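Let me give you the structure first, and then I'll get to my questions.
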Amino acid sequence: MNSILILLITVFSITLFFYGRSKSKIWSIEKSVKLKALPKFYGYYLVLWCSIPSLVFLGVWTIFEPVIIKSIILKFAENQGANILDDNAANLLYEKVKSIYSGNFFGDIDFVLKESAVSYAKFLNLFTNSKIVLVFTLIIASIIYSLKKIKNNNKARDDVEFILKGLLFTSSLIAILTTIGIIFSLLFESIKFFSVINVFDYLFGTNWSPQRAFVRDATTITAAEYEELKDAFGFIPLIAGTAFIALIAMLVAVPIGLFSGIYMAEYASIKVRKFSKPVIEILAGIPTVVYGFFAALTVGPFFREFGESLGLTVSSESALAAGLIMGIMIIPYISSLSDDVINSVPQSLRDGSYAIGATQSETIKKVVIPAALPGIIGSILLAVSRAIGETMIVVMAAGLAANLTINPLDSTTTITTQIVMILVGDQEFNSPKTQSAFALGLTLFIATLILNYIALRVVKKYREKYE
Amino acid sequence: MNKLERLKKRHSAEKRFKFYGIASVTIAIIFVLILIQNIFSKGSSAFQKTVIKVDVFYDSELIELNNGATLKEIYDADFYDLTIENLLKTYPSKNTDEEDELLKLFSSDAEYEIKNAFLKNNQLIDKTITLEITASDDIDQLHKGNYPRDLPEDRRSITDNQLFIYDYFVENEIINKNFNNYFFTNGDSRDPELAGIGGALVGSFYSIIICLLIAFPIAVLASIYLEEFAPKNKITDFIEININNLAAVPSIVYGLLALQVLLATLHLPRSTPLVAGITLALMTLPRIIIPCRASLKAVPPSIREGALAVGASKFQSVFHHVVPLALPGTLSGTIIGLAQALGETAPLILIGMVAFVVDIPSTPIDPSASLPVQVYLWSESAERGFVEKTSATIMILLSFLIMMNFIAVYLRQKFEKRWN
Amino acid sequence: MKKVKIRAKNLDVFYGDKQALFNVNLELNEKEVTALIGPSGCGKSTFIRCINRMNDVIDICKIEGSIEMDGYDINDKSIDVVELREKVGMVFQKPNPFPKSIYDNISYGPKIHGKGETKDELDEIVENSLKKAALWNEVKDRLNEPGTSLSGGQQQRLCIARAISVNPEVILMDEPCSALDPIATAKIEELIDELKTTYTIVIVTHSMAQAVRVSQKTGFFHLGKLIEVGKTEKIFKNPDNKMTQDYITGRFG
């Protein structure tokens, strides 16, 4: 049905374009009036008015129609006596109704189901017909309006451009919409979560074992159940694990990245730089799932065997393996940014230092790096933000047990791993377990936001100094 | 410390410092090489599959078909007994236990392959043809040299007897390696020897196309607005801050967004390239906007002014003159953004693209996997055979990425004009 | 009769394929100010950058011939360029103080060369250098402020103090006043006059009036060749070479 409507709108639009274009020429001759714009713009004007309101209307209707119908039917079913106290039962009932409608249902159909299915068919029909009528009304109204306008010789080009500018502005609003969407998604579930689990139990709890949270519906938790639950969602081991692995990663990435950046910016010949810079940036282009695979398959077992040969117990999912691989992935973030930042330190500073008789390394250590420091710190902060938000490497190579440890040979888990693990298994809607994943996501989002903000401020301040 | 000593110390510090620099660059490059070598060495064997030569006699007594049977009749016919009979002919087994072990050397696909040959040529009743039947996963790995033969029998899945039969096959040159077309044409499978990336390829393809169709127009229009038309006010600043933030948000947060808005609220179908495409588009938007704006910014004002001077409207000057010049940089940035989207895994896992999908999806609203998600799924499997498949998938994925990056760099270098 | 501090013999300098200096022979006397004049791009800056081997920083720069200081060829393999630059300081056209405090700007050089081990020693060096550069009174109460917070003229005197801090024997100045206003310029010319009693100074300048004011010896460069060199008074009153005469009288450049 939608495709037919869209086709109709397209046909109307094309017709209107040619109509508008030719008619405007004719009218200007008839009335001996000079057109205020090229004829084709009158055509465009009609097209825009015909298509935009109706398409937008169609889109919004299509998106919200299923949701509205579903709530109507469920309300109806409840009135008929259906027992749909929780979401799962409600969804099940609705799925059955839809299957009956499409002729795919082969189970027993009781009275409630039958009535609901009939009601569903009725409302679906009603909505579809309304949609068609309303779309047509919109189209006709728009055509009448716009025809009147062009009859009065409007400044078609200006009007068309105004409308198009509106479209441009709307496109740029998508960015804000996305942010709103993210905040909404995270907050929505997190609020449900925090209505069950106290924020402080979450932030300061030292035990994370959400498997315990088998409660089906968060609204019916008893006090006794809560006592058990409140110790299951402690955030501390997760932030500790995340920070620990990120720390190992930075210990690998900062020295190698910084020295690579310094070498490429200060010492390397043009040929060497032309070769090594892209090769190192390959490290940034490799999908993280590849790193995760490499870490899980090769590096983790290697460390375990190597450790065993030295008499140490090393987990095959050691924080060391995950951190090392993550560090490798981060190297280009630091080396490229440092390279750029060091290059933008003015040569006059270096000249002043050489003229006093400093060696190149002394100049770099005491003049160039301090001058470039804000930019370098900014790049490190951005790298840390990347490390914290990284998912695949830790999902595949780090462990699942949330233990507080500072032994790099142990396995530990991170925020992102837990989000994936919670949401990939069987999802129980409305359980604190599923909601906790969103609470974790919210925490992660806020943390990276703050880090990114500080990093960008620092880099911006640095840029202002030299440009 | 006298003058000379001090100078020596300073010069050796210089040498050390330079050495650290060279060492760091070298270490980084070596990592790249190790990674690539590791993947390629593990993955190259996946492009071949082990096959066993079987002379298949289409005994009319074992199947109820005649020459000239229709496709439907062939599909419905039972080839099981025929298959067993023919497979057992490959080796003189001494007892039923040995027969069972012999049968296990062949892939579970054997029956289908025998049927398939008849589908292609339905005049084979009571005739014999030689087919190359796919070997089972263990034999496949054994033949490729990835199997630990030397382990004691109770610690491996292949019995001594089966090893004996295998060696017999090798001696008699019945066993061979062919090009593994299944890898490209099949979807996922529990049997590693039959598993392929066909489904994942199509899934990735649809996802990226949808991502492109959504992200590119919106991103370019938004960039044009922000760069050329937006007034310098708080709203514009706010939009810009948002875009910069979104570019740095961890990808898993986009997965949560998709889960809540696309799946839970809008009830779009789970595990489909449609939802994946929309999610990837949201992620890729800022990554296209940022280079697009930079390209627009780089076009000198003289171009715009020249157009305005001949009476073009601001709109016309932007769209007819400025945008075409900014196109190479924009396209280049878009391709790089798409390359990053191609490699994304975490958000797709969250929207459920972890379904075990055997059939190749035919539309963007069929459930499917994507290449990186397939890598993730197979890496979780215990079977040895999946290691090479996973590595080979990575090779394919990396090839696409390298190609896309090359195109992006080429576009930028060939068509971008330097304005100073 | 002054001793010759620096002697350039048959000096040719190439940037890649382009030759910038042709067979320059020039002697610079110690504790005297020598001015190098000539139109833009004639090689004056290239010449003085050879004296402290700043041209080493530029990959494509090649030198033939020799420059001797106190009789030693400074381009010889046995000479440590770091030591050379301790003895030959440089002040640049645009003041380039480090983004550090005034104190750290001055103490940077001595620290590197091991000239001040204790805080007191460094304090003394900083004070002396700033005094000799006629800047001490203006900054003595704000030594911890960044060097970049000073005015243009003060920054240049800071750079001169920085050059002095390592106790050089020669100070090279590449158009040190071209970015400064007349008052600041006058202060620096005064300073140069005092400094010449301790250091050998070579100053590249665009301003002939300045050359007359500060120098005792002048060399005229044109298109990479040293056209004429001699006592400042002679060069400006009655030069031997016609080209020199034309330049002095403003016929070109």
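Order of writing sets the chain letters: A, B and C. Residues in each chain are counted from 1.
By definition in this document, contacts are C-beta pairs under 8 Å (C-beta built on N, C-alpha and C of every residue); 3 or more make two chains touch, one makes a residue touch a chain.
What you see is a predicted model, and the numbers here were worked out from it, not measured in a lab.
No other pair of chains has as many C-beta pairs in contact as A-B.
Measuring from the average of all protein CA coordinates, the nearest chain centre is that of A. Taking each chain's centre as the mean of its C-alpha atoms, the one that lies farthest from the centre of chain B is C. The distance from the centre of chain B to the centre of chain C, with each centre set as the mean of the Cα atoms, comes to 64 Å. Note: centroid distance chain A to chain B, computed from Cα atoms, is 21 Å.
Distance between chain A and chain C, defined via averaged C-alpha coordinates, is recorded as 59 Å.
Residues of chain A in contact with at least two other chains: 359, 362.
Counting only residues that touch two or more partner chains, chain B has 10-11.
The residues of chain C that reach two or more other chains are 82-83, 112-113, listed in rising order. Residues of chain C touching chain B in their complex: 80, 82-83, 112-114. Contact residues of chain A toward chain C in the complex are 346, 348-359, 362, 366-367, 370-371, 465. Residue ranges of chain A in contact with chain B, taken from their complex: 63, 66-67, 70, 157-158, 161, 164-165, 167-169, 171-176, 178-179, 181-182, 184-186, 188-189, 255-260, 262-264, 266-268, 276, 279-280, 282-283, 285-294, 296-298, 328, 331-332, 335, 359-362, 364-365, 382, 385, 388-392, 395-396, 416, 419-420, 423-424, 437-438, 441, 444-445, 448-449, 452-453, 456. Contact residues on chain C toward chain A in their complex (touch as defined above): 52, 54, 57, 82-86, 89-90, 92, 94, 96-100, 108-109, 112-113, 159, 162-163, 165-166. Taken in their complex, chain B has these residues touching chain C: 1, 3, 6-7, 10-11.
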